[in-house]
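The next part holds the structures, each set out as C-alpha cells.
Presented sequentially are two complexes of chain A, the first with chain B as partner and the second with chain C.
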Partner chain A sequence: MISEEVVDLSRLQFAMTALYHFIFIPLTLGLAFLLAIMETVYVMTGQQVYKDMTKFWGKLFGINFALGVTTGLTMEFQFGTNWAYYSHYVGDIFGAPLAIEGLMAFFLESTFIGLFFFGWERLTKKQHLAVTWLVALGSNMSALWILIANGWMQNPVGAEFNFETMRMELTDFGALLLNPVAQVKFVHTVAAGYVTGSVFVLAISSYYLLKKRDVGFARRSFAIASAFGLASVLSVIVLGDESGYEVGDVQKAKLAAIEAEWHTEEAPASFTLFGFPNQETMRTDYAVKIPFVMGIIATRSLDKQVIGIHDLIDQHEGRIRNGMVAYSLLEKLRGGEKTPENIAAFNDVKKDLGYGLLLKKYSPDVVSATDVQIKEAAKSTIPHVAPIFWSFRIMVASGVIMLILFACAFYAVARRNEHRKTWLLKFALFSLPLPWIAGQTGWIVAESGRQPWSIGEMLPTHLSASSISTGDVWGSLIALIVFYSGLLVIEMYLMIRFARLGPSSLHTGRYHFEKETKTELPVVPDTATPIITA
Partner chain B sequence: MFDYESLKLIWWVLVGVLLIGFALTDGFDLGAAILMPIVGRTDNERRVVINTIAPHWDGNQVWLITAGGAMFAAWPMVYAAAFSGFYWAMLAVLFALFVRPVGFDYRSKLENTQWRKAWDWGLFAGAVVPSVVFGVAFGNLLQGVPLELDNTLRASYHGSFWQLLNPFGLLAGLVSFSMLALHGGTWLMMRTEGAISQRARRASQMLALAFLVTFIGAGVWLWMGSINGFALLSSFDANAALNPLTKEVAQTNVGWMANYVQYPMTKLAPVIGIVGGLMALLSSTSGRSWVAFLGSSLAIVGTLCTAGFALFPFIMPSSFDPAASLTMWDAVSSQKTLGIMLVAACIFVPLILTYTLWGYVKMWGKVTTTHINDNPHGLY
Partner chain C sequence: MNSPFSFLKHRLAKEIALILLIKLTLLMGIKALWFDAPTVPKDGTVEMSQRLLGATPASLKLEETPR
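Right after this comes the complex of A and B.
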C-alpha cells in the first residue's frame, strides 16, 4: 500500500507544476492570436509599424513560450513518474488524446514557431503570415486535446472497466471527443487565454502611453488588444464553465462546494455572495445571499435543483455499499471464478466499483469495512469547501473587473482619446495580474473540486500514485521548486527588461531609445495613418 | 480493419519509428550542443552552432514528446513502469531538457559574457545527460530490470538509480552518447564552413571511431552470452487481451540472439549500424559532409533496430520476476484504442513529415559568422 504522505506530496508536486505551467500557457494562447491579427493587418495594409508590432510582441511571446515548453515537459513525464497506477488504469483512454495532441498540435506549433522567429527573410509575406496563423492554430489545438483529456477526468464518458486487464478501456471515442464537460472547458480556457494575451498587450501599451513614448506603436497595440479582449472576456463570462456542472457526479459535488450549498434548496437556488463555509458544522457563517441567481447560473433554468452536500453524501453512501459488492465480485473474478453469473453480477454493479475503492483509504479490506468507515468514506466524497468557495469568487471578481476594463478601453478607442485618459491607462497597467489570478484560482476550483477522485467516480486519487518512496517525491519536489523559482526569476527579469525597452529592442532605429533627442521634445505621435479600431 | 495481433505489431513498429525519428532529428540538436564548447571557440562561433539548429530544435524535440505520448496511449503499463521505475533517471533527463528551451531563447537576449557562458554550460549539460541516459536505459532493459507486478497490476521497482550505472549500462550509454554526438558533428560539417566545419570534422572522426568500438563491443558482450536474455515459454493467443502475469518466461543464455538466429534478415540491423559508422568515419576523413551525415543517420537507425530486434517481443523484461516482464503482446492498450491511434498516425505523420521538410528547405544553407554579425539581434 502506498503511504498517504507519498500521495499528498505527489499531489502537491502536481498542483505546483500544473499551476506553474499555467502561468505561461494562457499568454501563449492569447498572444499567438494577437500576433496573427497584427501580422494580418501588416500584410493587408503594408504598414511597417504592424510588422514591428508583430516582431516586438513576438519577442515577448518567445520569452514566455520557452518556459511554456519547459514546464510542459514536466506534465508529460509526471503522469508516469508519480502517477504510475493512474497511467496503467486509464492510459487506454487518457493516453490517446495526449498522443494525438503531440501529433496534431505540438508538431504544428513547434515546427512553425522556429519559422516564425527565423523565417522573416526566407519566406514571402504571405508564407510568413500563414506560419504565424499555424502557430496560433497549433497552440489552440493543443488546448483542445489536453482539455478533452482533463474533461474526461471530471466526467469519464465512453469507457468501461475490464476486469481481465484490470483497467478502464475505451468504448466510445466519439463520446470522449464530444464530452460536454470537455467542450465547455475548452471554450472557457482558450477564451481566458485570449483575455490574458489582451490584458498583457493592453497593460504594457498603457505603460508606453503613460510615459508618452512610441505613441503610434502603443495606440495601435492598445486598439487591437481592447477589441480582441472585449470579445474574449464576454466569451469567458457568457460561456462560463458552469454549464458543464450539470453532468457527472463529481461536477455536482464541485458545484455544491463552489456554492457552499449544504442543503438542497428549492429551485431556483440563491447565490451566496459572501460567507465563511465551515466544513465541520456543515454550514456557512455570516452568509450574504442573493435569491435565484445561483439556480439560474448553474442550471440555466428556473426549475432545476442544485443538489446540496448532505443529499450528495447520502447518495454516495449508497454507491459505496454497492461498490463493496462490486469489489468482492472483482476479487472472485480475478481469483479465477469467471462464471457467467459472476460476470453478469459484476457488470450490474461495476459502475460503483470506484466508490468501493474509496474505502481502501479507510479499511485494509474493502469487503469488510465497518459502518463508521463507510460513513467516513462517504463524507470524503465532498471536497474541501472553503478554498473552492473562495477561489471561485476571486476568479469571478477578477473577470468582472476585466470586463469593465475592456468595455472602457474599447469605448475610449472608439472615441480615439484613450491615450489622453490617464486613469484608464493606469487602470489597464494595474490590471496586469488579474488574468493570472483568475486563471490560477479557476484551476484550483476545477481540480481541487475533483477530489477525492483522480478520475471522477472511477479511480480515487489515493490509489493513483506510483509505488515510490517518500524520499523520492521530497527530492523531486524540492528540486522542482528550486529550479522553477530560478527560471521564473530569469524569465521575469528578461520580460520586464524587454517590456520596458519596448520596440526599441528591435534595433530598427525608429523607436524612442534609439532617437538622438529622447525626452527634450515631446514625441510626435505617428497619427498620419488611421489606427485600426476593430 | 486490422486484427488485434497485427495492431500490436504495428504499434511496436510505430513506437520504434517515433524513437528513431527523435534520434534522427533531435539527435543532431543534442549532438551540436554537446560539440558546441569544442567547435565554437568564440561567442560568435558558438552562435553559429546554435543558429544551425535554432529554427528546428523545438519541432525536433516533439518527436520525443510524441513518442512518450504514444507510449502512454499504446503501452500504458510500460509508460507507468518505466517512468516510475527509472524515477531519478527520468528526472535527470527532464531537468536536462528544461535547460534547452530557455537556453536557446534567452542566451542571446543579453550581451553579457558571464550570462552567455552560463547558458553554454547549461546547453552542454542539457544535451549530454539525455544522450547518455537513453543509452543507459536500453542497456538496463537488455539485462532485465527489478520490476514487480502485484495482482492489481500495480508496478513496483526494486532497484535504485545507482544500480542502473552498471558496466553494461554505462557501455550502452557510451554507444548512444557517441552516436548522437557524431550525428551533431556531421550536421555541423554540413551546415557550417571554415574553422567550425573543420573542427566538427575532426570531432566526427573521433566520435565515429568511438561509436564503432562501443557498438561492436556491446554486441560482442551480448553475443558471448555473459548477459542472460529472456524467452517466452508459454504459447498464447496473441489476438486476446492478455494479463501480463499469466505467461511463463525464462532467462536463457542465448536469449537476445534468438531472434537473429530465427529471422536472419534482422542481422541487417547491426550491419547497417556498422556500415553507417564506417561511412561517417571515412567521409568525415575525406570531408564529404553529406555522406557523413547519411552515415551517422544510418548508424542511428541500425543501432535502435538492433536493440529493438534483440528485445522483441519484450519491452521491459523483469529480472525480479520474469513472468512480470512487459511485452508488446500483453502490456498494450485495447484493440479499439490502438486502431484509433493508428488512424491518427496515418493522417498526421505524413503531414508532419511534409511541413517539417518544407521548414528545412526554407531554412537551408550554411550559417556563417558574417551571418551572425549582420543580424545580431534577430538571431539566437
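Right after this comes the complex of A and C.
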C-alpha cells in the first residue's frame, strides 16, 4: 500500500532542498557573467579598479558557489532514496542529462573556478580572462542540462514506455535536447540569474554609495550592474512570456491554474489581475480582470480559446477511461498474453496509461473503477490553484519592480548622477530580496503546476515515491533542514562580513578600511570622463 | 609551420591538461571500484510491475539482466 504521508513528506523534502538550492544558483549564474564583463573591461582598459572589482565580487561569488554545490548534491541522491520508482521508470532518460551535467561541472566549471581564484599571478591577463569566461559558460551549461532534465519532466518528448521492461526508454535524444519547454525554461532561468547577480551588485554598491565610501569602485560596479541588469530583466520578461506560451501549448492545466481560468471564455480570454481563487466553488471571488490579455499571451491570437478548468476535467475524464483500457491491456501483456493484437491495441492507447494510473490512488482495481472514482481522479488532474495563482503574481510583481529599478538606475548612470540620488540607492538596497522572491515563487509555479504528475501525463507523483517509512523521511527531512539552515547562516555571515568590508577585503591598500595606506580612488567627475572608458 | 598541438607548449595548456587527466583518472578509478557493471535493481521490472499493476505476473518473475 502506498503511504500518502511518505509521498507528501518526500515532496516536501525535495521542494525544500530545491528551494534552498535555488537561493544560491541564480547568484552564481549572474555573478559569473558580471565577473567576465568586469574583467573584460579591465583587460581592455588596463584600469586597476576593474581588476579589483573582479576580485572582490569574485570573492562573494566563491562563497556562494561553494555553498550552492553543497546544497545541490543532496537533491540528486533523493532520486534514489525517496523517488526509487520514479528513477526506475524514467532513469534511462532522466539520468542522461543529469550525468552530463555532473561531468560538465566536474571537468569544465570546477577546473576553471580553481584557475580563476588561483591563477591571477600565474596567468597572463588574456589567459585569465578566458578562464573567467569559461567559468561563466560552464555554470550556464550546467544549468542547461539540469533544465533539460526538468523540461523533460514537464513535457516528456523523445521517449516511449516499454511494457517488457516496465520503463520509459529514450527514442530520440535530439528531441530530449531540443525540447521546447526545456529551451524556454533554460533561457528564462539563466536570464533570471543574471538579474539576481545584477541586483546583488547594484544593492551592495548602493550601500557603499550611501555610506560615501569606495565611491569610484562602487559607481563603476553600479554602472555595469545597471546596464547588464536592464538587458537581463527585459530578457526575463520576454522569455517569461514565451514560457507562458509554451505552457499554454503543453501544460494546459498549469496555465488554467496560473490564471484561475475555471470556465473556457470567449476568445481572447481576459487576464485576472487580482482575486481570490476558491477551488471548492470553482470561482474566483472579487476578480479584477483585464480584457483580452491572457488570450493574446497564451495563444498569440485573438480567436483561439484558453481552455478552462471545467473543460479540462471533462477532457481528462475521457483520457482516464482510455487509460483504463491501456491498463487492462498492460495487465494482459504482463500476464503473458503477448499477442500481436494485444500489443497493437496497447500501443494505440498507451499515451493515456498515465491517466489510468491516476486511478490507483482512488481504486484498488483500476479496471473496474466506479464513475465516482473516475470523476475524483479527473478532478485531481488540476493542481492547487490558489498557491500557483498567487505565486505567479508575486513573481510578476517582483519582476516589474526590478524593471523599474534597473530603468531608473540605468538612466541615472547615463546622467552620471546616480551617487547623488539617495532615493535610488535606497530603492536598490531594499530591492535586494526581490530576485530571490521572484525565483522561488517562479519554481513554485513551475513545479506545483506540474502536479499530480512527476512526469507530465506519464507517471503520477504518488506512484513515484519509494517504499520507505515515514520515520525515514522525517529523519532525513529534519537533518536536511538543520544542515541547510546551517549552510544558509554561514552564507549570510560570510556574505555580510565581506560585503561590509568591501574591496578593503582585498588588502590592496587602496580602499576605505585600510586606514594606514588609504588612498581612495578618485571619484569620477559627474560630467567629465565617462565611468567606463572602453 | 605550427603543429596543431603547438598550443600544448603553453604552460597553461599543460596545467589544464594535467588537471583534466587527474580528474579523468579519479573518475575511472571510482567507476572501476564501484560501478564496474550497470546497477540494475534486483527484480526491478517485477517490482515496477507490482507498483503499477498491483500483482506479480508469474510469467515474469525473472531477474533482469544488466544491459
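The rule is simple: the second predicted complex is superposed on the first by the 504 of 534 C-alpha atoms of A that agree within 3 Å, B and C clash if a C-alpha of one lies under 4 Å from a C-alpha of the other, contacts with A are read in each partner's own complex, and residues count from 1 in each chain.
The criterion applied here is as follows: contacts are C-beta pairs under 8 Å (C-beta built on N, C-alpha and C of every residue); 3 or more make two chains touch, one makes a residue touch a chain.
As the structure is a computational prediction, the values presented were derived from the model and not from experiment.
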item: Chain C versus chain B on the shared chain A, clash or fit after superposition; value: clash
item: Touching partner for A:336 - first (chain B), second (chain C), both, neither; value: second
item: Contacts of A:474 with chain B and chain C, given as first, second, both or neither; value: neither
item: Larger contact residue set on chain A - chain B or chain C; value: B
item: Which of chain B and chain C A:62 touches, first, second, both or neither; value: first
item: Partner chain(s) touched by A:166 [first = chain B, second = chain C, both, neither]; value: both
item: Contacts of A:513 with chain B and chain C, given as first, second, both or neither; value: neither
item: Touching partner for A:364 - first (chain B), second (chain C), both, neither; value: second
item: First, second, both or neither for A:390, with chain B first and chain C second; value: neither
item: Residues of chain A contacting chain B in one complex and chain C in the other; value: 84-85, 88, 106-107, 111, 114-115, 123, 164-167, 334
item: Contact footprint of chain A on chain B as seen in their complex; value: 51, 54-59, 61-62, 65-66, 68-70, 72-74, 76-77, 79-84, 87-88, 90-91, 94-95, 97-98, 100-102, 104-106, 109-110, 151-157, 241, 243, 333-334, 336-337, 340-341, 344-345, 348-349, 352, 355-356, 359, 362-363, 377-379
item: Residues of chain A that touch chain B when the two form their complex; value: 62-63, 65-67, 69-70, 73-74, 76-77, 79-82, 84-85, 87-88, 90-96, 98-104, 106-108, 110-115, 117-120, 122-123, 162, 164-167, 169-171, 173, 334, 466-468, 472, 475-476, 479, 483, 487, 490-491, 494, 498, 505-507
item: Contact footprint of chain C on chain A as seen in their complex; value: 84-85, 88-89, 106-107, 111, 114-115, 123, 127, 164-167, 327, 330-331, 334-336, 357, 360, 364, 463
item: Chain A partner contacts - residues on chain C that touch it in the complex; value: 12, 16, 19-20, 23, 27, 41, 44-45, 47-49, 51-55, 57, 59-60, 64
